[in-house]
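What follows is a single structure, written as structure tokens, with notes after it.
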Amino acid sequence: MRSDGRQPGDLRSFSVTLHPNKYAEGSVLIEAGDTKVLCTASVEERVPPFLKGQGKGWVTAEYSMLPRATHSRNQRESAKGKLTGRTMEIQRLIGRALRSVVNLNALGERTITLDCDVLQADGGTRTTSITGAYIALALAIHKLDSTVKFGNYPLTDYLASISVGVMQETPVVDLNYEEDSKAKVDMNVVMTGARAFVEVQGTGEEAPFSRKELDAMLSLAEESILKLIELQKDTLGAAGARIGGGKA
Amino acid sequence: MRSDGRQPGDLRSFSVTLHPNKYAEGSVLIEAGDTKVLCTASVEERVPPFLKGQGKGWVTAEYSMLPRATHSRNQRESAKGKLTGRTMEIQRLIGRALRSVVNLNALGERTITLDCDVLQADGGTRTTSITGAYIALALAIHKLDSTVKFGNYPLTDYLASISVGVMQETPVVDLNYEEDSKAKVDMNVVMTGARAFVEVQGTGEEAPFSRKELDAMLSLAEESILKLIELQKDTLGAAGARIGGGKA
Amino acid sequence: MRSDGRQPGDLRSFSVTLHPNKYAEGSVLIEAGDTKVLCTASVEERVPPFLKGQGKGWVTAEYSMLPRATHSRNQRESAKGKLTGRTMEIQRLIGRALRSVVNLNALGERTITLDCDVLQADGGTRTTSITGAYIALALAIHKLDSTVKFGNYPLTDYLASISVGVMQETPVVDLNYEEDSKAKVDMNVVMTGARAFVEVQGTGEEAPFSRKELDAMLSLAEESILKLIELQKDTLGAAGARIGGGKA
Amino acid sequence: MRSDGRQPGDLRSFSVTLHPNKYAEGSVLIEAGDTKVLCTASVEERVPPFLKGQGKGWVTAEYSMLPRATHSRNQRESAKGKLTGRTMEIQRLIGRALRSVVNLNALGERTITLDCDVLQADGGTRTTSITGAYIALALAIHKLDSTVKFGNYPLTDYLASISVGVMQETPVVDLNYEEDSKAKVDMNVVMTGARAFVEVQGTGEEAPFSRKELDAMLSLAEESILKLIELQKDTLGAAGARIGGGKA
Amino acid sequence: MRSDGRQPGDLRSFSVTLHPNKYAEGSVLIEAGDTKVLCTASVEERVPPFLKGQGKGWVTAEYSMLPRATHSRNQRESAKGKLTGRTMEIQRLIGRALRSVVNLNALGERTITLDCDVLQADGGTRTTSITGAYIALALAIHKLDSTVKFGNYPLTDYLASISVGVMQETPVVDLNYEEDSKAKVDMNVVMTGARAFVEVQGTGEEAPFSRKELDAMLSLAEESILKLIELQKDTLGAAGARIGGGKA
Amino acid sequence: MRSDGRQPGDLRSFSVTLHPNKYAEGSVLIEAGDTKVLCTASVEERVPPFLKGQGKGWVTAEYSMLPRATHSRNQRESAKGKLTGRTMEIQRLIGRALRSVVNLNALGERTITLDCDVLQADGGTRTTSITGAYIALALAIHKLDSTVKFGNYPLTDYLASISVGVMQETPVVDLNYEEDSKAKVDMNVVMTGARAFVEVQGTGEEAPFSRKELDAMLSLAEESILKLIELQKDTLGAAGARIGGGKA
């Protein structure tokens, strides 16, 4: 049924390359099928004005697609002079999602910025960005820990994200671009290692969906995210040892 | 339990004033408790460039808050020179939601723009905007119908929206600002008269939520939206007669 | 002679609704015929950089029209990314006019921002904004006085504004949109309770005007502004008791 | 009484250099005391979109000050990325004023843009710009006439402008910067050769002014503008021969 | 003498990966030491307005660095809302350089846009972008040729670029970031396969340079560019067969 | 051979008018043939943020053309809301060139801004700006010296700039606009009094150039710049006495 022969609940092939960038405190190149996102985590010893002097840290994200990440070339947002609504929406989502598993008090007065640059897009760029940015964030916090020696570890849980949709009345997971443009629902789910939902965003502009379809999509997403979190654990290895740990 | 004495499933008092604007093809002032939104529908006999020559229409929305709609004054986006991410996200949501119940082919080559201007904000401005903008849209299409005599009526169903959240482990509906800032989940649901979901957006940045909580919130939202759709039917009266009707 | 049956010197029906906004320190909805402007006064305990440390306050204004305040929809200035020259000109005028009756030293290091948002426009929006913003300002200063107990009262006089023009060789006052587009001169006058002029702005782009016409228009404006100041006094009642008063 | 020894009704020394620019269809360097403005008129054989196909022309103006035209250096508006309200107000004023003496139908489908660039500012830059731009405009129309052979001459009258104010209770004309910052009223008047007012803009932000003061200022302005129009006639000579003339 | 043990005339290790992007008509990932640039060529069947209807094509370039391409994170130009002068200067240089070896008439009415996105920066990003973009351009034109069957081949020669400088009185080639910040001259040279100069840009802000030093740097650059052109020939292989060829 | 009868190595007539601006610390009007640039130097007792507290000064430049400085009118960059790449490139070049002969430590914590406003353009505006801005800078430093009494004089050498090109196989100097548009190479050279190169920028977009042509152009530029430096010395006279001098 699916163009690339997958079953409805099959993820595309995911691969993660660690440290593609020699400067960033944490970096990964994450690939989900033909979707490729370079995620870097940059640590700065300062916080935005609204947090100054509170002893708390901040985690934020920026998202961008290279002009030719897609079938036809898009104009650069820097040339347009402004971010599109889509970009703003996605980078707000990535930032919120990551902050949900960070103890900002434990992080201390520093900012970690996750840059998610889509080198090639074939559906699922926002969910892949979240899953990859989480790893870059974990690497950066692990690196910080070697000098800061956190009492409470700032990263409280694992976190990953996947897209789900409905094609020909069947719920399917991890849609590529071609599937995405045919699916009647577009839903993105972010979940923690403890199976708690952080974001559930379903849109049925083309065709509204029933409660039953919603339930089936949520179940499919849960199952897939747990697989991605296993991948994150394998990838991080010892660098993930203190995640979710309280006092040192 | 709730600051204004409501039960968890109680809506605030909703009121709708028809035709507050003498120029717009459709207009309402909708009030949900102390949240007040002026919604106008403007019909123009042209479509955006990407739709030219296809015989289809377009429905889009813009959202804005007056500077002193809130406790403290916010800078105008026109003075800043750009829209915030929050505004873009909300107006994209309103537009998508409304288009889900419009047959753009039936509408023909014209654009209807829904302007949702928040005069006073006390929580739920985006959901109230959707519920009110729907009525303004219905009025404008009804007015158009008197001259155009639509074969297929462009409005395919009713549509309303409400917010739900979790306070002290209890799912509650239609949160005011004070509740919203205390609730652990912030969820907005848009649904049609046929009980189909158009948008489900739940965010647990402060505290992730369980599948069980999600289910309870969805049920509460469904029930409340059906009440709002009843209100829309009463308000529109004869102006809603052809909604959902196929051939004339 | 006039489309709505008025005599040349007749004002339209003016109405003022106090406190339409629950957050602002002062607010009014002012209606002049079909022109409706929501004016809010916001007090902030800080001054712009150029006034810091001088012990003086500041009064400023912003003006905006809702997109469908007019016959056909206008693009939002926030979407365009900049203010039009017309908007800048008007908000500079409102600010200057109000400051002429405020003792900024007596006000102390605080800023009062008057937001004039035109909900519906039928001519005279700038003059109606000044007349309404004055009342919102007076309410805010009166409210401040209850805690600050001003020695010298910061509001030194009443202030109102009206438009005048020449139609078919006859000077007329308070033109509505239809009259405005036919009149050969467009003139706006701002005057204090002491009958002193604060702004006189007459433009004869379509047809220059004689000294005699100018004199007749000024007389008509004076007379009408005094009526509006009576309305302000009635509306403010006790809240206006200290206006123009020196030491407490 | 005046810092440079002038009597209240004395103009500063005015000088006009014709054709300082070899490309422009009309150009003058006008000097009023130490205020120096370079005015160029550029003719283009097209009109703005809102006038297309109506057989009418357009006259518009732009105004700018060089960064060091003033005592201390100002940031360039091109570097700021936007025009200030002051600049917009002034260039709108110049354009309106000039259009009042142009028969746009007679001009035909072409645009004349007057650029007024202030090389050095010592008060009165907007009024000096109008007086100088008028001459540049007259030169450009005269040049056009040599090829177009206008039936009705597009320039219907002479036009000049001056500032007036009140210093130490005395009305004075053509204030320099030092006087301007001390004067209690700031008023700019634009008048035609037929002694008709085109713009009257008086502002008493610092101190409101009486009807009597207004009358005295207007008289002083009238008298001074007539002198400037004499200067324009002398300067233009034969190039002004058809001004105000109807059919050829 | 050099930090990485190279001799003054040694290039860093260069590597070129073909087709890293599945959508672009031509693409390469070029690496010069730790400098990594992703270059894509996008073909569009339209030309900019200033070329419409002339039967000619256009080649243009855009350049950008990912925020964490450098030691510390830079703000995105899309977030700033404008391009920096450095970016504009570089992308104008890349475009001019490439156009010098393209016969725009032979190309026909189409635009090729070269996007040079710096994934990691360690000196020489502009010269590496030119050398890489040339290959992407050659791939795109080769691909076009398979359908268009060019009469005259649009690519008239090979083209590459390198940086040179002076360190401790010795001219050196292909400086990395550390060397670049110590060198007293910064010079970029672009040359064709026929050894003709296309761009020579030398800057001695820190220390002006002598004619003798300039001569030595130019010789070093020539020699190195010829090596890079050999690399381009090897990399392109058959795809470069028609380069420089006249009639088919 | 040249349109104005000059020999290949002939400069146009250069003239320099000192102090055309009464406010600036240094100012000149420089004319090279029909190219006219007004250069002002503004001294401010502060430095940009990146230099604060280092005891060093800063020299920077801004460049702009009046809209009608050219054959046809150009849109103002202030109206466009951004600087073009060309403007940015030129003003960066002017700033770098001037800084190469300024000892920023000797200057102390102050900024000198050179504004180069092109009143009329006929080729060579960037090189003429550099040559003129140098004189304005020298005047401003000389004026500063009268109060500051510099120990080490901040200006370390003379500096001027000229353009060279190749027309009909012959190298020519100081091209006017007509020549510039026909020449096959466009090269700008900046050199100090000590004959050291500060900038060498040659572009052969239309036709690449040989090493031999490059050498001939450089020789022609050197010879011409030395003439311009003689002109600068004559113009500055005593105001240039300390240039290049070490301790007082």
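Chains here go by letter, A, B, C, D, E and F, matching the order in which they are written, and residues are numbered from 1 within each.
Just so we're on the same page, a residue touches a chain if its C-beta (ideal position, glycine included) is under 8 Å from a C-beta of that chain, and two chains touch if they have at least 3 such contacts.
By chain, UniProt protein names: A, B, C, D, E, F = Ribonuclease PH.
Predicted model, so just to flag it, every value in this text is computed and none were measured.
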| item | value |
| --- | --- |
| Angular offset of chain B relative to chain F [C-alpha, multiple of 5 degrees] | 180 |
| Equivalent of A-B within the choices B-C, C-D or D-F, defined by over half of its residue contact pairs recurring | C-D |
| Averaged-CA centre spacing for the pair chain F and chain E, given as whole angstrom | 29 |
| Interchain centroid distance [CA atoms averaged], chain A/chain E, Å | 34 |
| Per-residue multi-chain contacts in chain A, two or more chains | 81-83 |
| Starting from chain C, with chain D taken as the next chain, the full ring order | C, D, F, E, A, B |
| Interface residues, chain C side, partner chain D - complex | 82-83, 85-86, 88-89, 91-92, 96-97, 99-100, 187, 191-192, 194-211, 214, 218, 222 |
| Interface residues, chain C side, partner chain B - complex | 20-24, 27, 34, 38, 40, 42, 44, 62, 64, 66-73, 76-83, 87, 113, 115, 117, 119-120 |
